[in-house]
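What follows is a group of structures, each given as structure tokens.
Each of the next two complexes has chain A plus one other chain: chain B in the first, chain C in the second.
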Partner chain A sequence: NHESQYKMAAATMMPLFGQQMSSQSELVPDWTSQEVSTGTTIMAVEYDGGVVIGADSRTTTGAYIANRVTDKLTPIHDRIFCCRSGSAADTQAIADVVTYQLGFHSIELDEPPLVETAANLFRASCYRYREELTAGILVAGWDRRKGGQVYCVPIGGMLVRQPVSVGGSGSSYIYGFMDSNYKPNMTKDQCLELTAAAVALAMERDGSSGGVVRLASISEDGVERRVILGNQLPKCSTH
Partner chain B sequence: MTPAVAGLLADARSLSEVARDEASSFRSSYGHDIPLKHLSDRVAMYVHAYTLYSAVRPFGCSFILGSYDKDDGPQLYMVDPSGISHGYWGCAIGKAKQAAKTEIEKLQMKDMSCRELVKEVAKIIYIVHDEVKDKAFELELSWVGEVTNGRHELIPKDVREEAEKYAKDSLEEEDDSDEDNM
Partner chain C sequence: YLHWSSPYMYVSCSYIISRNAVLESSLSEFGYKAPSARKTGTTIAGIVFKDGVILGADTRATDDMVVADKNCMKIHYIAPKIYCCGAGVAADAEITTQIMASNVELHMLNTGRPPLVTMVTRQLKQMLFRYQGQIGASLIVGGVDVTGAHLYSVYPHGSYDKLPFVTMGSGAAAAVSVFEDRFKPNMELEKAKQLVRDAITAGIFCDLGSGSNVDLCVITEAGVEYLRGYDKPTMKGKREGQYRYKPGTTAVLTKTVTPLSLDVVDESVQIMNTE
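Entry: the complex of A and B
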């Protein structure tokens, strides 16, 4: 039965899970059948003593911008955040589950949780339900043992730690920028500048990314959040 | 991670398996080794559960857990049949635990190295052994610490022999000094 479902899906060119193709009548607008997506550009950078994370603020249903001031930087615990990309519903649901699991775990241990633990909890959900989910997540934070850490949990449920990572549809446009401009042992302010510039560049080119740049820096001392509005964005090109 | 046990050996083996499963499941879920305090709490909760129902009997053994890692340093926890769990600088379980505890309290553990403590521990085992009432015994020594990079290992033969010799010599000295006192 499972096999025949696959064959049927291939024959009719319809995906088994996720969005349906817009083969509907003209009576219903096509955005009603398209999933809400955090199209997105997200980024996370480690520095000595913490991490810097950044994201755009656009949520789309098809071509319509459902939310132009989205907050894609979601707290999971006091010193651990995640950057969400992919399906808005999926990432919110996963983040809620992990927030609960991590909070419970932290109370059991009676100590602040490790970033690695949070990342593993994300990976567990994303891998187990990989067929049903569309979620690309960056887990970043600070803990006592290993300091600032960034873990990448892309679609499919892999887990890898990286000193700097980008994600979302807009990330394709800034891999080159990141590879050439990131250097190890940068200061917090250098990381903030790099992240803001990278996200701004991606927003310029990717239709699914835009709005404002949200930034956060996480360290032993706590979390600092800031927003860079449209007119204050770093201007990189002259056209 | 190291369990040392005293009491009904069958119960102790069963409890060791429980501890192993807990540690393994934690590592699988959370991606890092279980903190010793948490493992001790989980084992203690398990032991305590067997004191709640008349259909089962409590575990007939005490359980000492020891570990070393570079972030938390050395840790020592003990679980007893009531399901209580505490952290310790030094502890003893088994038939002569009271006498052993008294000896341990005389030690300045914070100032001593692992190798020195091995000798003292061997000495205490020999001291509390009652020649009349107890059967002959075999001394088993193992350690976990910076010296073993956090792995639980049997103490190497040369260290063990040094410790046993120290223990036996100290006993003879005490016997001699008993004779001198009138």
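Entry: the complex of A and C
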């Protein structure tokens, strides 16, 4: 009976999230249908008076590098940035939403927003849509109330404040480096050196991280951005 | 179930709609495969040069391993000085760009301002994100607006990159290698056109999903030059001489003629297009 066949097909046809229904032809390479991921190594460090954030610059679709000079340090407000890892589409969309929400909120308050507010807005979206999203985000910035702050919003939508945090696929390789080299009460320049070295090390070992190192420091005085190109990366002792 | 969220965060929850999921499953029961969407295979590319942007594309559309259209147009109009190259599923790229063109026109009437490239990119990525990658359109958006010349690449899941040169499609790897070698910022018009032509040609020759001709679209402050069929690197060459053997080359030993009694019933001539 045709109708019951139709209904049964609908009931059993419950594709897994992200699965493509149409088959790929041999002409079109595999990576054209892969989702764009930021692979990534991201890092954020608090210091007295501000924060330092850093990231690599590689965006991949499967094995192909779609953008080798990506900017993963996205401004959300004047003194608040986020570092994005995970799906490029998801994190860009979330960042846009939070930028809008935070900007609106700031106008309502008639004062610069708190970093904790920005982090909570990220957490709200990341937690509500946790089944549909792949986004690991570090929110970092400066506000008058608590100074420099780093908040970690990993996949799943947790929110926790940490003095130093790393994220992305390359972060696994630098937890040891971070744990042994981070000391409380470091100066801004020490933080910059630490972040650059850590991201460079991760880029060395992680295939999904690479390109250039982007750094930014955020304080009461504003945002200073810089780029460390491939040949200027900190050298490590093994080679 | 669609929860409250800001107007820009619009993710369909609980289950993902798959195109023709029911059709495919019911056909596979009988052992048939549902026809797959025609893809454009494709090499598309764009660069920012001194006076504006240049977009380039090949002209082959494929149905799996068969060429469906030898001369399709992959550079679509969005606004007077904003054009868009489309790769991926042909229908998706075509319709998405038409929707964008319509939205841009309405926006222009609404605001009384000429459109910005960044606005087109934003609307594109928000729509593609909403459909969670089910719209298989990879697009290169390029144009000139009041803020200058801009070039974006937008991916089916809704992510985008802003770069001085971009390539997409199955021939992207071949084309980007040409750009990585020879691209310089602020190139002159003729050199820039040559560079894009070479990048697309690399895709045409080195990628099976791309072929036929090179289309270019040069967008500057002064206006748009749409160069359809700018280069045809795959044209059949002209034979230099006659390669037939002269009668008598092969010796004839015996000859038997058997006439067959046939009547001509119908005669028709159809010219085959070999271009």
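The rule we apply is simple: the second predicted complex is superposed on the first by the 215 of 239 C-alpha atoms of A that agree within 3 Å, B and C clash if a C-alpha of one lies under 4 Å from a C-alpha of the other, contacts with A are read in each partner's own complex, and residues count from 1 in each chain.
Assume a residue touches a chain if its C-beta (ideal position, glycine included) is under 8 Å from a C-beta of that chain, and two chains touch if they have at least 3 such contacts.
Source: prediction; values computed, not measured.
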Legend entry - Which of chain B and chain C A:116 touches, first, second, both or neither: first
Legend entry - First, second, both or neither for A:60, with chain B first and chain C second: neither
Legend entry - Contacts of A:41 with chain B and chain C, given as first, second, both or neither: neither
Inset, instruction - Using the superposition on chain A described above, determine whether A:105 touches chain B (first), chain C (second), both, or neither. - result: first
Legend entry - Superposition-derived comparison: chain B or chain C, residues of chain A touched: C
Inset, instruction - Look at A:96 in the shared chain and tell me whether it touches chain B only, chain C only, both, or neither; answer first, second, both or neither. - result: second
Inset, instruction - Please work out whether A:145 is in contact with chain B alone, chain C alone, both, or neither, and reply first, second, both or neither. - result: first
Legend entry - First, second, both or neither for A:134, with chain B first and chain C second: neither
Inset, instruction - Give one of first, second, both or neither to describe whether A:171 is in contact with chain B, with chain C, with both, or with none. - result: neither
Legend entry - Touching both chain C and chain B, counted on chain A across the two superposed complexes: none
Inset, instruction - Using the touch definition up top, name the residues of chain C that touch chain A in the complex. - result: 3, 5-6, 8-9, 11, 13, 15-16, 18-22, 24-26, 29, 33-34, 36-37, 39, 41, 62, 64-65, 87-88, 125-126, 128-129, 132-133, 136, 138, 153, 155, 157-161, 163, 169-170, 172-173, 208-209
Inset, instruction - Sort out for me which residues of chain A touch chain C in the complex. - result: 5-6, 9-10, 12-15, 17-19, 21-23, 25-29, 32-33, 35-36, 59, 61, 64, 66-67, 69-70, 87-90, 92-94, 96-97, 100-101, 125, 128-129, 131-133
Inset, instruction - Enumerate the contact residues on chain A facing chain B in the complex. - result: 105, 108-111, 114, 116-117, 119-121, 124, 144-145
Inset, instruction - Using the touch definition up top, name the residues of chain B that touch chain A in the complex. - result: 29-32, 35, 37-38, 41, 71
